[in-house]
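Take a look at the structures listed below.
Here subunit A shows up in two complexes: once beside subunit B, once beside subunit C.
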Partner chain A sequence: MKKEDRSEIVSITSRKLVPYILLFGLYLISYGHLSPGGGFQGGVVLGSGIILLSLSRGIFLTEKKFSSPKITFLEAFMITIFILLGIIGLIAGKSFLGNIFPLKKAGEIPTAGFIFLLNLVIGLKVGAGIILIFYSLCERQEE
Partner chain B sequence: MNKEGIKNILILSILIVLGIIFFYGFNPNLPLKLTVSNHYVAEGKGETGAINIVSSIYLGYRAFDTLGETIVLLVTVSSIVFLLNHARKY
Partner chain C sequence: MNSIPLFLIIIPLFAACLILLINFLKVNLKLIKLISLSSIIISLIIVGLSIIDILIKKETLIYNLGGWKEPLGICLYMDGLAWFSSFLGIIIALFSLIYSLKEKNYQYKFYFFFLILLAGMQGVILTNDIFNMFVFFEILSIASYILIAYSQESRAIKASFNYLLISGLGMSLFLLGIGLIYQGCGSLSLTQIGKTFSIGKGIPPFMFQLTISLIIVGIGIKAAFIPLHLWLPDAHAYAPTPISALLSGIIIKISFLAIWRIINIVEAINFQYLFLWIGSLTALMPVIWALSQTDIKKLLAYHSVSQMGFIIVSFGAGSTLSLTGSLYHLLNHSFFKSLLFFSMGAVIYATDIRDLRKLSGLFKKMPCVAISFLIGALSISGIPPFNGFVSKTLISASLKEHPLPFIFIFLASVGTVASFTKLMMIFLSKERIKNDNSGNFKEGEKAELFSNKIKKIPKTMVYPIVILSIICLLSGIFPFYIIKGISNFILLKDLSYSIKIYSSYNIEKSLFTFILGIFLYKFITTKYGKRISLRISQMELGLNNSLLLVIVSLIIFVIFDNIVKY
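The block that comes next holds the complex of A and B.
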């Protein structure tokens, strides 16, 4: 997309909006055990923020910052961390994916133990997947 | 009668037989077994530390299920990316 094709209003609005969308996605992920939301929903919000960025600023500028190999690595690495967390539970003497952290009073942020970590892993993974699908669709269009 | 008609009649008869079996096999008077769900609702907050009951079930009690779900997502994304990037070659 050339620079003249882009509307000034769309460009500025998306530039101001994207950080808040990403922040909202991180909020949904990190409060997944306390309020409605969770890893899958927050990950989709993260992915849609990056998609908005690349729709308004152009795919090339976005792919410089969030390059496709990096996102692919994130996608595959998060699954590995998920399985490693499960094996940590096995090593500690509990079941697969068993919680090893102490549980405090329910309702505080760091109480839920593994649930917060698993939400984080799932959220990053889902966001990376959405961005990857979007990138490959765009590359197909440009051929 | 042609082949299609015989096939349709076979499918219809199988559906009717299955319907009769399920109609007579279904017993609405069985006692409901709600032990597991009652336990999740009552004890889930204390055992997993999550207020959100959905989170406490799908990441606490059923985390292994969620692992499979994320692997399904991984396979889906990789197959979509593969098909879109290499579709010209095949």
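The block that comes next holds the complex of A and C.
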């Protein structure tokens, strides 16, 4: 994208919006077991925040901050962590993906055992995946 | 609760993720190969240990994922049939992996998708939840789309894309069927579906027929029976050789076994009768196309479809003898088809030629591969004392009450002999590149071929070929243990009458087939036969037609029951 093509309004609005979008994504992930939302949906919102940034500021600048190898590593790391979490449940004497944390009453802090952890892992993985798909689509256009 | 079924799925999955992760450390490719090989060997050991529980104590291993029990949670079941297919899958995967170790083109992504394919395959076999089966089918398909297009040649990409479109249609039909089942009985676990989803328990007959047809056609695209097979020859032929062996050897059979399980569970016996006819057509039709092929791997791919017909037709006949024959042929076909793909892959590796008209006199240059290929070809043609003879005898013995499918199967065997004689000629005929005037070669190509030295085949490619050919020979010489094992431990039924495999009638019949096959080969090498086979090879249906055929076959599946009644 050339510099004169870019609208000031779009640029500033999206820059102000992106942190809130990311925050909303994290909210969706962390409240996934209580309210509508969850790992996948939150991850898509996280990814769309970065996509908005790269649409308004240009892919070049965004890729400097969120570089493609880093994001690929995040994705690969998160899927491994997910399976490891499942195996930890197995080692702790429960079944695969069985809960290892103590369960408390609804409303107290670790409400749903380790579902929060699973949601977080899935959210980061999906967000990374969405960003990577976007990056590879853009790369094709620039060629 | 027994965690063996779980480990069979998560060991390849975890190894795949590990490969993805350690690739960032810029490690040697050898470590990646070691991880994938060891994960498959560990799976093999685990599945070998479970033989005590499954086949001797006759238990069903059940695993509740996340600790949630049957109607709510997802369960993994491992009974005799699942053990059989899981074991077979891991063995073929092990051979394919060993075969691919020395190929230089395969980067970490190949091993990653290979293990994902294995995990998806094990998941489809072991799950007892129909939606979970759908998810694992998708994992398996996505891995196979990418692996088919791995070489990045244009025809491979085209084949993979065709497969993607057709299989995508099939999977959405399957998903629709799952939705209808969930609407009908409110559960997704196969045990619950078996209890509640039947015409006697309040499901309208048309609804039942529609649901089961959607599921069968959806999975049937992967099992590749007629008329859903059109994607298969290209996809299996242009995939990398270890992947062709894995796809032809095991994936299409896993899909068929999923249909088998679903039909058994909902007791849709009327569908079995349809499979008798579909199976006999599937055995015969692709042979005609296979006879006219000149690409060596494509010829084998057409024969995969044809041999699936043998398996399906004896599933359709429905007696204990025919089911035993079906499973035995399934076992044999995965061994000899992967053997044939491996040896043809070795020929392509050594010479870089895929056209069988250009290859000749290879026996002296690669005797080991040639002898193993000969064993595989004799097995697939049903010549004693190799394993194909035993299972084909069982199948034709069980088809005595159905004369027309019997004749179809016989003709298909004749065609198989003819086309494998044609393929065998690349080893047996005299070297004739120098004075070949048939016009098959382009200008300058002949001289280049003649000067081109044949590459040495690495030992990791030769070992799987030799071991598989020994397995083909042994399981043909000692068939009784395997027949007993299949009928008693997997089907859990006694084979009430004794069958004499090596009787003079059977041997004479196979000799007769062989002689007719040779005559057919002589016919297609004449001028007239060549013209016919050229005409046939041009009659390949495209993507549009195959999508249309999916819909047509769905309609046939839905309404055939009413046609049979009137």
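Keep in mind that, in the parts below, the second predicted complex is superposed on the first by the 141 of 143 C-alpha atoms of A that agree within 3 Å, B and C clash if a C-alpha of one lies under 4 Å from a C-alpha of the other, contacts with A are read in each partner's own complex, and residues count from 1 in each chain.
We adopt the following convention: a contact is a pair of C-beta atoms (placed from the backbone, for glycine too) under 8 Å apart; a residue touches a chain by one contact, two chains touch by 3 or more.
Note that the coordinates shown come from a computational prediction; the quantities given were computed from them, not determined experimentally.
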item	value
Subunit B versus subunit C as contact partner of A:36, first or second or both or neither	first
More subunit A residues in contact [subunit B versus subunit C]	B
Contacts of A:112 with subunit B and subunit C, given as first, second, both or neither	first
First (subunit B), second (subunit C), both or neither touched by A:87	second
Partner chain(s) touched by A:79 [first = subunit B, second = subunit C, both, neither]	both
Contacts of A:97 with subunit B and subunit C, given as first, second, both or neither	both
First, second, both or neither for A:136, with subunit B first and subunit C second	first
Which superposed partner A:58 touches (first subunit B, second subunit C, both, neither)	neither
Touching both subunit C and subunit B, counted on subunit A across the two superposed complexes	76, 79, 83, 86, 96-97
Residues on subunit A engaged by subunit B in the complex (per definition of touch)	32-39, 75-76, 78-79, 82-83, 86, 96-97, 99, 103-104, 106-107, 111-115, 118-119, 122, 125-126, 129, 132-133, 136-137, 139-140, 143
Residues of subunit A that touch subunit C when the two form their complex	69, 73, 76-77, 79-80, 83, 86-87, 90, 94-98
Subunit A contact footprint on subunit B (complex, rising order)	45-52, 54-56, 58-60, 63-64, 66-67, 70-71, 73-74, 76-77, 80-81, 84-85, 87-88
Interfacial residue positions of subunit C with respect to subunit A in the complex	1, 3, 6, 10, 13-14, 17-18, 20-21, 23-24, 63-67
